[in-house]
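Following this line, the structures themselves.
In the two assemblies presented below, subunit A is common to both, partnered first by subunit B and then by subunit C.
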Partner chain A sequence: MGTLEQKPDNLLANVLCYLRSSSLFNELLCSAQDEAQRTNIRFTDLKKGVQNGLVTAGWDRKLRNAIYHFLQAQPSTASSGVQGSPEQIKEPITYVRKAQLAWEKKILKSLNSMCTELTIPLARRRPEREQKDMMVRWTELGVDGPAFMRGSSGICRGIAPHILPITFLWKANLDLSQIRPVYAPKDFLDVVIGMQNPNCTSTGNIGSSDYPWGLVHVSMKVKTLNELRLQYSEFAITQCQTGIDDLPDVPPELFDTDRTRLGRKVLAAKHAPISREFSKKGCPVSMRAELWCHMLGVELDNVDVLYYEQLKSYVLQHDLLVDNLLYKDVKLTATNDDQYFVFEDFLYQILLPFSRDTYILKHFAYNSATPPKSYIRGKLGVEEFAVTYPPNGVIPFHGFAMYVAPLCFLYNDVVQLYYVFRKMYIQYFFRLHSVSSHPQGIVSLSLIFEQLLQAEEPELFYQLKQVGCQPLKIAFKWMMRAFSGFLASDQVLLLWDRILAFDSLEVLPVLAVAIFSFRKTNLMKVQTFSAAEAVLADLFTLQVMPLLQLALFSK
Partner chain B sequence: MNDKPLSCNVKPAVSPTVDSRLGSQTGCKIIDITFPNVVNPEVGEIRFQNYYVAFLTVKAKIKLTEQTPREGPNDHGWRMVVRRLQLMPDPHTETGAQDCFVITRSQFVCELSQVVSLRLILQQPSPLWKDFSLEDLKLFKTSGGSRVPPLPSWFMEDDKPKANKKELEGVPDLDSLSTNLQQLWALAEEVSANQTEESLGRYEVDGCYDINLLAYS
Partner chain C sequence: MARIKFASDFDKSVLLNNFENRGWIQVGPEDDWNFYWAGVHNIRNVFSVDSGFRLQDDQFINHFPNHVELTRKDLMVKNIKRYRKDLEKEGNLVAEKDETGRFIHLDFIPQTFMLPADYNLFVEEFRKNPNTTWIMKPCGKARGIGIFLVNKLSQLKKWSRDGKGNSFTPPSAKETYVISKYIDNPLLIGGKKFDLRLYVLVTSFRPLKAYMYRLGFCRFCTVKYNASLNELDNMFVHLTNVSIQKQGDDYNAIHGGKWTVQNLRLFLESTRGKEVSDKLFDDINWQTIHSLKAVTGVVSNDRHCFECYGYDIIIDDNLKPWLIEVNASPSLAATTSSDRIMKYRLISDVINIVIPPGEAPDVRWNKVPDKENLGNFDLLYDEELANAEQGQQDVRTKPGMPNPALRAGLRDTKRGSQATWK
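Showing the complex of A and B:
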């Protein structure tokens, strides 16, 4: 049991326990043994010699990184020393927990009813022939997609229609158009808006002055403008930024030359906190891929490659309804996007194995959401046959593929891309679609957005509210997708640089406020919701960094 | 963790009012705890789940004996134990409103022995919340800390030189056999203690993952 202060020895024990169970421990042990067997080490200073040997071989850096990433992954309750049940760690506030549960139930019902309507199972084993065919088409799944299995056309590549198994034929009448996304940002926004604390007195009935302008009726402690200014002090207008000051029209000796030189040093150090500090001013394009790996602690070894192959074989083995949702989502979002359509096949190679990855289940220890449960056919209610569905516990929503799409510009190796995405999801993105009271959760982000916009642009907020166009209704989808697909891809990457570097999603509402502020003149003239939407429909010309600076430091 | 909570009598919370007509919104509540069935109760740890209490003050009434140092002539034995501990970082917002807390001896201003009664003073300055209280209130005699179990002594000991024993023909040396076995056992123990967190990533049951519908649980 912890106390209000963190017990350092307790923490130390946790770190040790974690290290002992990691593969790093064995590697360290082996290389220490190698060091000890060297002939040039004397028995008297064996310990020192081994330690020095390990340091020169770069093991101390690996150890430091491992500890850093372990400490970062600790839930915040552990650092404040307040203890609770696992349920409490997931989400301490009861009514928030209930809201999330109700939301999950709704998703389950919607999925179940889709299954019943279309008479398809949630999961089935693929016949041998189908598995082989899919393996052949693995790198070009986008061409036929599920249309091969579920297509109405009946055309399939490689196999003549007359030898199609029966299962294909009875499913042939089902096509992708009948699959609909389980939920969209708009549905989720309704959940966030609908949350209300039963213990709260001021829900609009005390006096009009008390009535909140915004849509979020939950009072969380969120950062004020001044606190955000301090947090993002590196954004100050006096400081040079990658993404602004390294553009071709700026002479490189002003900033770019030094920045690149420093960047090389940072890359050589391979230390997560240093990479983080460096990336606060943005990652140079050529170094971004590597810097992100350092910040996220993604270092691939053969086991990881093997694990990905294993996931791939799982995809071939079973056909899930979730696959269709993912296909549909990619078709609706990335394939329609002129920046991302080339990556369509890539996206399937990430998203399908992702849905089979049980490693993701671990993040439900600190996520307020709970993975959906099901039973193997015919074993309903028998606990030994209970399984999570999908295997990773994440049901994709409309726009899910956009979490992956910008990353495709960074990594051409699918396996590396996979692990970077997986880490980003379990560290950041899951917070954008689960109801929680966490300061980084979407509820808090929405609250930051509304409070910041009210503080910075009160007349704009009031005007929009008067014409029935709540700003959050527009900004919510931006934040839920971390702006992916709304901004130009290079700008999305610059934005995500900051998410990783500051280890915080709070930059999202700040940017949303900045965009409203930037389009203020036009927004002040609108009279309808659709007009406001039109003003904010095209954000592709916007530059992220100047806008962030504008929102934080111009007043 | 293992010890049982102290048996005590927690009285319902009272809102102090100057005038009984005054309503509920005083922002203060008092919970009295007595120990009718315990001889010389000693409190080392207080655990509870918060429900919108912003500040907590704990006072104790202790039994005054000859040795007890008096605090002034009118000392009735009331001692400050915890002074205005902040439970919610910002009383107007939800943060920390329903967290679990463990207050241990290290946070007590004075030692809690020979306690007659405890008085918890709950304060909530924000008018935003309809109600505030402490839930699952439990008192413990000792502060339980999660100690790391020490390694077994045989694990740390070096092999000692063995005394000469009578040799049996055809039977392997019992001492070496048992040391070897012990080493093997130690290895097995170590391996089981260092179970890796890596999972195999299986999601199906017996190779089967045919599912029709999701379960509402």
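Showing the complex of A and C:
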């Protein structure tokens, strides 16, 4: 909260402005009115009485939480006092900005060429009947997909064939096998690797900052092992952790009993910073869903439910090309995953509305990426006819669905699941697939990974480099997906506990280093890239917490 | 120590690899084996008087002679009904009933009738609740063969007309059916119906010694669950048997519709809380014990025998588990690679409990395996230990404990004792 020291007036004004414009303000006024009307309040101490009443009604906590989450959402550049164009606030370093721009162009080109190749539009309005059909199938889209796909099976399930004129099958009758993910982690890694700082001339010395051992060739200040140790001091081996010390074979009186008792208190307090502090040692399984909501500031009201319904109706009205991408992605990842396949239908109910949610556009104020624009047919380049495509500005990549999948274990209610995911995305996940100099961005995380692994396991790093197997080539996809789909689901959740609790993605590279360390003996023997990949292919037996402790505190 | 000789009626790799990795030698079922993994059809021959076969002290076989008491649908129901009645008669508190006349602790199988024997009883019950769906299952068949749903009496009449030409011959096991109340409020996950397949190892019925396998799994239907009546004929909606689901278009060969019990637990604990999910798994353990106790009196407790049962359980949306049936010969065919690993470990763990590693096979051992030999099995119930504890318990009687069996269990929760899974 560096802001407080630097520009207190400005900040205070911002907070007040934010609170006034939020729905909270109106509710506060209403409850204040209620309090004032109480008969037991004397007119002379009206103010005091109302204030006390509001505190007992929990307004104290609500306002604290609101301010906390507002401050959290402030872009870090604002707090560091950098003034500049919105562009500079998004990304202060020019060459990084350029790299992101070039990357976006490339994605769009590939998206456009897919449209042209398959002669499908980016969007089309669904005919009435198709809308109805989709509404009926809303909770089981996994069977036939978002559009009217694969002719025969699509028709015979549920709907009698005679009411469907063949013309409706139109282009939607497209074969999903022709749809391919716009990009995969490997493509994005190439972008990160390809970045060069033009202000830096190479000295040609291997191992120096401008010609490092690793793949990332930009120099950014990232945390060292010692700094990470301080940041994650709660991971110390002397401290008990949920996920290790609460397992059934450990006597509960050692840790679990007290932990559960404390957890109940924390839940009752409903205060975000307290939940964060508690979750640093992990969330007990049965409390996780609620603790995450507190940490993220997700509290549903009727408006949120309506808003979700609205998004759903947008999905029903229009068929977007990205729907096919999302559908294909789920089919390629979650559908074949023995942990997540049961949630396939949930994933569509999250991902499709997500692509229509223009609320997501707000996060581009602090994301180095810029939402892609499309033009209404025939008006190419005319600014008034520009629309963001897809409406939320996010083009999914191969593995995108895995950001949602682990959350399905926590929330059985789709609407709640939606808002938790949305918050997770605009707070954390977007950083894992945009080029930026932010300390939480994927470039910095990659750099932490390489530097940490070099510092902790120099001989391993050297050996792998010698046989042509740069460690980042394997670890990058883990980090880009926040390990979802690579670890057992309970372990992913334990890992994400720490992302939320420490409000930082820096735990990802630490874990990646730990995994390399842990499999070191086998990795030292490999002679090829594919052999190294094989050693690291199955991570499902790994326990996250002992590994993190190993990486941070064993030496 | 002489090398152990095994015989097997199956050429399943999960079995043969296990035996061969132990350096065992394969012999024929007619030869002098130490360990015979027999098919249920051959078990009768082994134990029949005509065969003149007498098992030696170093011979183990994987079925009890009359396991059908537990594993044939009609006999299991009969035995459990009798068990409940007996407990009720002796005034045991386990047989407590609530105000509507339902057993509080023992109501764990869906209401079931034998057909054609109990036809009249069934019709009476059907008329009481005409809007319930019932499920018909042939007694002697497995893997979902011959199963259909019924919600009108006329469907039953048609079946009996089609099935039997001659009503004078008494029905054989193959022609008898059980009809059970269909669990029409199953717990759905991701909108899909599933059942549980749990493995239970019994090494002795008198005294009862049973083990529960930790790596059971949920089997999911590929098609969204839909309770509506016009889906009654779509068996993909209702039956979770892998052999049925495999024929569906949407069968996925990578996971085979199987979800581990650990995943189920993570999901339930996260979405419903720890207390209720703990209770669910406790209930499952208790109903397994009761189902086994129900047959201890009738199974011939041959000390050469052990058996690894496949328990099929459906959980309803109140998180109440229902025991559907018990299989004597759960499938050992591996549908996916993780399935293969799991089943390989299952067989390996079974062998380690039946024949302690490093020792020669001997049926006279006390059948109390060391903890490290349990593998992924947990002790579910050991009657000797439970009785010993109950003895101690009676000395220092604690008031307010509902019944001896549960009391032993509850005490174990606190003491972490060995008599049951706690």
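The working rule: the second predicted complex is superposed on the first by the 516 of 555 C-alpha atoms of A that agree within 3 Å, B and C clash if a C-alpha of one lies under 4 Å from a C-alpha of the other, contacts with A are read in each partner's own complex, and residues count from 1 in each chain.
FYI, contacts are C-beta pairs under 8 Å (C-beta built on N, C-alpha and C of every residue); 3 or more make two chains touch, one makes a residue touch a chain.
Being a predicted model, the structure only gives us computed values, none of them experimental.
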Overlaying the two complexes on subunit A, which is it for subunit B and subunit C: clash or fit?
-> fit
Report for A:220: first if it touches subunit B alone, second if subunit C alone, otherwise both or neither.
-> first
Name the contact category of A:13: first (subunit B only), second (subunit C only), both, or neither.
-> first
If you stack the two complexes on chain A, which partner ends up touching A:380: first (subunit B), second (subunit C), both, or neither?
-> first
Kindly classify A:125 by the partners it touches after superposition: subunit B alone (first), subunit C alone (second), both, or neither?
-> first
Taking the superposition as given, does A:286 touch the first partner, subunit B, the second, subunit C, both, or neither?
-> second
Of subunit B and subunit C, the chain that contacts the larger number of subunit A residues | B
Figure out whether A:346 sits in contact with subunit B (first) or subunit C (second), or with both, or with neither.
-> second
Considering only the touch criterion stated at the top, classify A:178 as touching first (subunit B), second (subunit C), both, or neither.
-> neither
Which partner does A:408 contact after superposing on A: first (subunit B), second (subunit C), both, neither?
-> second
Superposed arrangement, angle subtended at the Cα centre of subunit A by subunit B and subunit C, nearest 10 degrees | 160
Minimal inter-chain CA distance - subunit C and subunit B, angstrom | 28
Could you tell me which stretches of subunit A are touched by subunit B in one complex and by subunit C in the other?
-> none
Would you tell me which residues of subunit A are touching subunit B in their complex?
-> 1-5, 7, 9-10, 13, 20-23, 25, 77, 81-85, 88, 92-94, 105, 108-109, 111-112, 115-116, 121-125, 197-202, 218-222, 307, 310-311, 314, 317-318, 356-359, 372-377, 380, 384-389, 391, 437, 439
Subunit C residues touching subunit A in their complex are 189-192, 194, 220, 223-224, 249-250, 252, 254-255, 257-260, 262-263, 266-267, 269-271, 273-274, 277, 336, 338, 416
Subunit A to subunit C touching residues, read off their complex | 139-140, 143, 153, 251, 284-286, 288-289, 335-339, 341-346, 408-412, 489-490, 493
Complex contact set, residues of subunit B against subunit A | 1, 45, 47, 49, 51-52, 85, 89-90, 92-104, 106-107, 127-131, 143-146, 148, 194-199, 201-205, 208-217
